[in-house]
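The structure appears below as structure tokens.
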Amino acid sequence: MSEERKIVIPGEILASGDEFLPGDGTRKEAKDIIASRYGLAEISGRLAKIIPLSGGYIPRYGNTIIGLVTDITFNGWLVDINSPYSAFLSVMEVPRFINKNELAEFLDIGDIVACRISNVKRKSIDLSLKARGLGKLEGGITLHINSNKVPRVIGKEGSMIRQIKEATNSEVIVGQNGLIWIKGDKIENELKAKEAILFVVSKSYVEGLTEKVKEFLEKNMPKETKVKISTGEKEI
Amino acid sequence: MTAKKEESSYVKRSDGRKFDETREMRAEVGVIKNADGSALFAFGDTVAVAAVYGPKHLHPQHLQNPQKGILRCVYDMLSFSVPERKKPGPSRRSQEISKVTEWALSSTLDLQDFPNTVVDIFITIISANASTRVAGINAASMALAHAGVPMKEMVSAVSIGKIDKTLVVDVSKEEEDYEEGESATDIPMAFLSKSGKMSLLQLDGEIRPEELKRALKMGKEACKKIYELQEKALKEKKTEEE
Amino acid sequence: MEISKLTKKRIQEYIKEGKRFDGRDLLDFRDIKIETDIIKNAEGSARVKFGDTEVLAGVKMDVGTPYADSEESGNLITTVELLPLSSPRFEPGPPGIEAIELARIVDRGIRESGYIDFDKLCIKKGEKVWNILIDIYSINDAGNLIDVSALAALIALKTAKFPKYDEKAEKVLFGEITNKKLPLTDKMPITFTYYKVGKNTIIDPVSDEQESSKSRISVSLMNGKELKISAIQKGGEEPFGKEETEAIIDSFPSVLEVYIKKIEKTFKLE
């Protein structure tokens, strides 16, 4: 039911008429639905909204994100999740008991951690490790993409990222905030997965992307048998 | 609008342009990869580059606004952008331009959802041939949109000149330096794309009220063309993103 | 966002195996793009890119009184500004130590090589000499600003021309350019920097690689009949061992060759 999406710029009219309702990134002035940011206009039935092409990550409750530990306080860790607001992981939000003296041992400054957003306040964000697959990430590399491209990288029901993981024999965790962790059995595989992800990001607006990515992976991957990775697959 | 040919000495523009014609303009987005948003805008040899970083956390705390994000603008010229080398570093002129640029842009931004943060805009003039602040505003407006900052409408700017008694669009340095008759009056102005309101207006020289009204009208018309270029640049699909 | 420990570790592991994320050799440069004479009001200008790192350099000439201890010589002043627009890590304000050091590294490379014939810049002994002012600006910092800046400065100098000078009025006619190039010798300085990552050394790092490095050595070489070094700068806190240092010195000719080849793909140096 959605019409073809085209790029709109701030101040442009998406739709005109009493029946239309202003969705995300738009406002209504008289009969007009007007863009309040740069992005793709999506008109679905009566709702007109903007799908952003750019802009920072907006933290949402329940999102799984990847962050970088920047400081340790007496009762937790400050984590940079690439948002203008500070994110805090309390020692109480860790599934096991952490002694007050052990904080740095568990998570040190510079470590990468996969967390869940447990609360979004006006100027700060609370994080939690109390869910499966969360915790400190070891080995591998991290990659940063625009958070608006995350849905494309994950794909419909995870199909895109699954394709990349299988073809490169890598563990991949895609944070909703645009930070991605990749760990392959070999460094070459990590880099291939990274390149495939960047390929998706650069061609995010193209049709038939799944096929193109398949071609990309086949062209660049040496043929080899699958090697099982010891730790379980982490998937969002 | 016609020049009062029998009264004004400036009957033909030094570079042959029509009175309501801008120099060749150029607009491009995404010119600085590290920035959250960036753009280039040129009027002929006057080239401005703008980069946006933010919304991001603002230090020190006393500068923060607990109700909404703030806009911070820094305008600067490269030392070799002008014929006589400009000493690096901010001057009073560049600080004033930074402020009026901030005012020209801030009414379009909606930073209610970003308390205690800052959106930094850095405008650098790479090459100068008059009309630098308006080129900067055009670039900054595109860069802000490109960065995904919530923005109600675009801002387009141009300088209108009164050269002796002739009103012209997009003043060049040669025109700025004109000395005959009533000399040159430089009028940089900016208009918002949807509401049509004026968000920048400065003037230095001498002008009659009626002429000023005509100048504003000319500027608004010229800004429509500039807007079209800015729109085109933002809508150009690029294969290389991020 | 700062670099994470695990990425730093990965970079070191990979470099230990002689490999880099973008597939380059340890002692290889990214693709280089060069444009000259791009800024009308500059007597010389160059826009240089190594991959995504971009720098703009401009030459402005002016006439002034010579220094008392060099009455027949013109002068060179090199300034670097690391613009906030080029990276989130640069703040507005006067040049910090990074910009100051960078400018001095570039300046030393040019000055000590004897590339500029300063005596030919003399107009009237003890009274009037030409001064060369090189201003270098970062436009996008994706690693290795030192080398990109040094090359941009060199090329701006090479392509620069004198502005017109009114001898009677003793005034420079800015905006009017002659066809006369600057008095340059054949002692062209080529500057490049080695970055120590873990126990290995790499050339032309991207940002992540640079952040994984704690020390560097910049060297300015003159490629004449005999290979000579005109300037060196060790930067960063980590020391270099004897074998490391000698290995670096031994690699000068080959890295110089690789560098020049890469430059000449886009710009004729001689």
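Order of writing sets the labels: A, B and C. Residues in every chain begin at 1.
FYI, a contact is a pair of C-beta atoms (placed from the backbone, for glycine too) under 8 Å apart; a residue touches a chain by one contact, two chains touch by 3 or more.
Every value quoted in this text rests on a predicted model; they were computed, and no experiment measured them.
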Key: Comparison of A-C and A-B by number of C-beta pairs in contact, larger one   = A-B
Remark   = So the chain most remote from subunit A by C-alpha centre is C
Key: Whole-Å gap between the CA centroids of subunit B and subunit C   = 33
Averaged-CA centre spacing for the pair subunit C and subunit A, given as whole angstrom = 39
Key: Centroid distance [mean C-alpha coordinates] between subunit B and subunit A, Å   = 36
Query = Counting only residues that touch at least 2 other chains, which ones in subunit C make the list?
reply = none
Note = Touching two or more other chains in subunit B are residues 56
Ask   = Contact residues on subunit B for subunit C in the complex?
value = 32-35, 38, 45, 49-51, 53, 56, 74, 76, 78-85, 88-89, 120, 122, 124, 126-129
Ask   = Which residues of subunit C touch subunit A in the complex?
value = 1-2, 4-10, 13-14, 17, 19, 21
Ask   = Considering the complex alone, what residue numbers of subunit A touch subunit B?
value = 6-7, 9-12, 25, 27, 34, 36-39, 52-56, 84-86, 122-123, 145-146, 148-149, 198, 201-205
Query = What does subunit C use to touch subunit B in their complex?
reply = 38-43, 45, 52, 56, 58-60, 62, 79, 81, 83-88, 92, 94-95, 133, 135, 137, 139-142, 174-175
Task = Sort out for me which residues of subunit B touch subunit A in the complex.
result = 36-37, 54-57, 69, 108, 110, 114-117, 145-154, 192-194, 230-231, 234-235, 237, 239-242
